[in-house]
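Let me begin by presenting the structure, written as structure tokens, before commenting on it.
Labels A, B, C and D are assigned to the chains in the order they are written; within every chain, residues are numbered from 1.
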Amino acid sequence: MRDRVARRAARLLRPGWVVNLGIGIPTLMARHLDPDAIHLQSENGLLGVGPPPSAAEADPNLIDASKRLVTRRRGSSFFDSATSFAMLRGGHVDAAVLGALQVDERGRVANWAVPGEPVLGVGGAMDILAGVRTVIIAMTHVTGEGAPKLVPRCTLPITSVRPADWLVTELATFRHGGSGLRLVEIDEGSSLAEVRARTAAAFEVDPEAGLREEGLP
Amino acid sequence: MRDRVARRAARLLRPGWVVNLGIGIPTLMARHLDPDAIHLQSENGLLGVGPPPSAAEADPNLIDASKRLVTRRRGSSFFDSATSFAMLRGGHVDAAVLGALQVDERGRVANWAVPGEPVLGVGGAMDILAGVRTVIIAMTHVTGEGAPKLVPRCTLPITSVRPADWLVTELATFRHGGSGLRLVEIDEGSSLAEVRARTAAAFEVDPEAGLREEGLP
Amino acid sequence: MSGKLLTPEEAIRRTLFDGARVMVGGFGLVGCPLTVVRALNESPVKDLTVISNNLPDPGVYLGRTLLLGKVRHAIGTYFTTNPDVGRAHVAGQLEVTLLPQGTFSEAIRAGGAGLGGFYTPTGVGTLLAEGKEVREIDGRSYLLERPLTADVALVRARRADALGNLVYEKTARNFNPIMATAARTVVAEVDEVVETGALDPEQIVTPHLFVDHLVIARERL
Amino acid sequence: MSGKLLTPEEAIRRTLFDGARVMVGGFGLVGCPLTVVRALNESPVKDLTVISNNLPDPGVYLGRTLLLGKVRHAIGTYFTTNPDVGRAHVAGQLEVTLLPQGTFSEAIRAGGAGLGGFYTPTGVGTLLAEGKEVREIDGRSYLLERPLTADVALVRARRADALGNLVYEKTARNFNPIMATAARTVVAEVDEVVETGALDPEQIVTPHLFVDHLVIARERL
């Protein structure tokens, strides 16, 4: 199911883009991307992230922002953290794919803090939402307990006032434009009725949403 | 005379220091410095400026901030202008030696603009005064017309509110501390009477000023 | 060889337009993209705002851009060495904005880094503080300075790879790496384009995501 | 060989003191100066403010510094992966200041660059904006963030020359080059010290004027 989300989100990326992949479902996307067409940026200081290494290739000083061992692609470069976030915040990265705990009708994302627990980690998500050109949220449609994650207003602390542009789940894909959430694609194994039943947020429905399993407008 | 100022100013530098030399008299100092003891920083992006090149060595892409061809020392490094000024403004450069049009009793320096003419150049002097740890002014004691350059209050636009620490001329060396200018050295060819006659600013006199041609406290 | 490679004329035609804000690298002519600036001079674009340390040199390159009447506004740090700048300014033909060189550099970096402004101690209490907010922070005074951005940056590097990664040449680096971050479209003039993978990833100064077009230099200092 | 070379124990003894603010490089343990942090743990210093992305890892290195009760205040971006941080915080033994990672990085750079603060769009409208000035600039909202500086920075590089110029190793670079600019005294742990002149001047990331002491690594990842 998570891989299905990853595959659908991967289809939103355009050849030539520089893309930052967050922790969680987004890390599953790499295998669905053409490595010559998509350049992966990792905020710990690498442009040109490659696949996981073989045992022989593994280098403890070559990791991604999820702290997993990686390799590097030809044409990659290393840089310090201030430069890396200058790229992200400054609008030089074409897209980021992030996980989320909630997304609301305004497109706002909550993915860093849970009320009642001390907030001890934020990482780079706030900077990514502040600056990356296209933000895609890739998440399961409901929580482990079956509660909708697409809600009218986030009840968890938001990560940014900047809305996400796309929201991809195992059931559907939504576009967030100026006027709110719009359902643009329904998974072939799902239905508009199911999407409605498992979504607490209001959304418009694109007339062609049911026809778009392959290829988005 | 200008070389005499340069020589005296050079004696204020300490082994191991990183030093920025401004345009004018300061550029004459390099020949009086031990190149293994003093590291010259040039704000156009070089730490480890070496002497002028031979005709065979000359490289048009290797210049100092006065746009003169230079060489580089062993252990030198190149960096961009933002990094260079981060060094200067951030207090990482031990000393700078700058020329000046006027210096006043508060130690304030005027070295970039002349009233009545459009102000079309400022360069790096304001950043250097804002951030370099020890600022040494090296200048002729009076103007070409014989007017004092050490004045009660600068009549030319100041470069910074931060006072210079030392002022060196062909006649004398002054230290600027919290309480104003203090004459600490008189050139052996000059006298306290001459220094007084050619100085419009008030200054204290160190009792040992006349004895200090060789080596300052 | 590289999908980013253009002729200088194409690069100017595709990126510049009347009224554009354009950053040009170089400390004097060192690090100035000579070939691209010449193409700019031969193009019809006008009413430019040029963000460059100087307008070098009198009568040639950016100095010629000025004499051709293409520059409406110059933003930089040191125009004293080109007397044509003073003449055009006095004649009311050229607006000049002067910034301390560290502030100029930092403003370009801030523009590229998506910041709204920064507080610098440089310039407090001087003529260049006029009209700027002064703020006391922990007992020291600072000026609020705004970021600089541009429609196009014309930069000079030593070498690119086919992806557009750049390395520079000695003190010709100067403003080029920061300008490459601060414009919507970036044209880099280089001596050569090597194949992807030929540059050491530890040594790349400007990663390829900042670079849109490459131009091979036809002339050098 | 290099006048800057010290043993890890000497480096800690000469630079750290009770109540010091200390920056420590690394993204997790990658780029963390393991040898120097171990010497810190064996020294009597306490009441430290540690400025580091995390306190890695549970029970070892900076995680051990925490368990030894030496850390009064941690400033960083992501402490979630070390449950001891949460425990010490809940027990009132550890003050935690959380910053977005880009703000954290930029604040360190600003500290090293002599700036008084900067405006960033990151964090506006979130819990991390609490108590911070919000300012509208050209129609967009920004938070005012303050620079971070320290008494001592402990950084990790791949290699130094005898003067103290540094080059880094892959993603172990991370926060190290900016921390090397933002502390009064900088200790760099390296695998080796080569002779002055052996590093390519185009490739040096941290020029020697930022580095006070060198320590040879006794342990690596």
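Basically, a contact is a pair of C-beta atoms (placed from the backbone, for glycine too) under 8 Å apart; a residue touches a chain by one contact, two chains touch by 3 or more.
Here the structure is a predicted model, which is why all the values come from computation and not from measurement.
The interface holding more C-beta pairs in contact, when A-D is weighed against B-D, is A-D. Remark: chain B and chain C have CA centroids separated by 29 Å (rounded to whole angstrom).
Per-chain CA centroids place chain A at a distance of 34 Å from chain C. The residues of chain C that reach two or more other chains are 106, 109, 113-115, 120-121, 168-170, 202, listed in rising order.
Residues of chain B in contact with two or more other chains: 72, 78-79, 82, 85-86, 89, 130-131. Taken as a contact graph, the chains fit none of the simple arrangements: neither line, ring, star nor complete graph.
Per the contact rule defined earlier, chains pair up in contact as A-C, A-D, B-C, B-D, C-D.
By the touch criterion stated above, chain C contacts chain A in their complex at residues 109, 111-115, 161-163, 165, 181, 196-197, 199, 201-202, 204, 207-210. Within the complex formed with chain C, the residues of chain D that make contact are 106, 110, 113-121, 135, 137-138, 140, 142, 146, 167-170, 200, 202-203. Of all residues in chain B, those touching chain C in their complex are 42-46, 59-65, 67, 72, 78-82, 84-86, 88-89, 113, 118-127, 130-131, 157-161. Interface residues of chain B facing chain D in the complex, by the touch rule stated above, are 18, 39, 41, 47-48, 72, 74-79, 82, 85-87, 89-93, 130-131. Across the complex, chain A is touched by residues 27-28, 30-31, 53, 77-81, 85-86, 89-90, 96, 98-106, 108-109, 120-128, 141, 168-178, 205, 220-221 of chain D.
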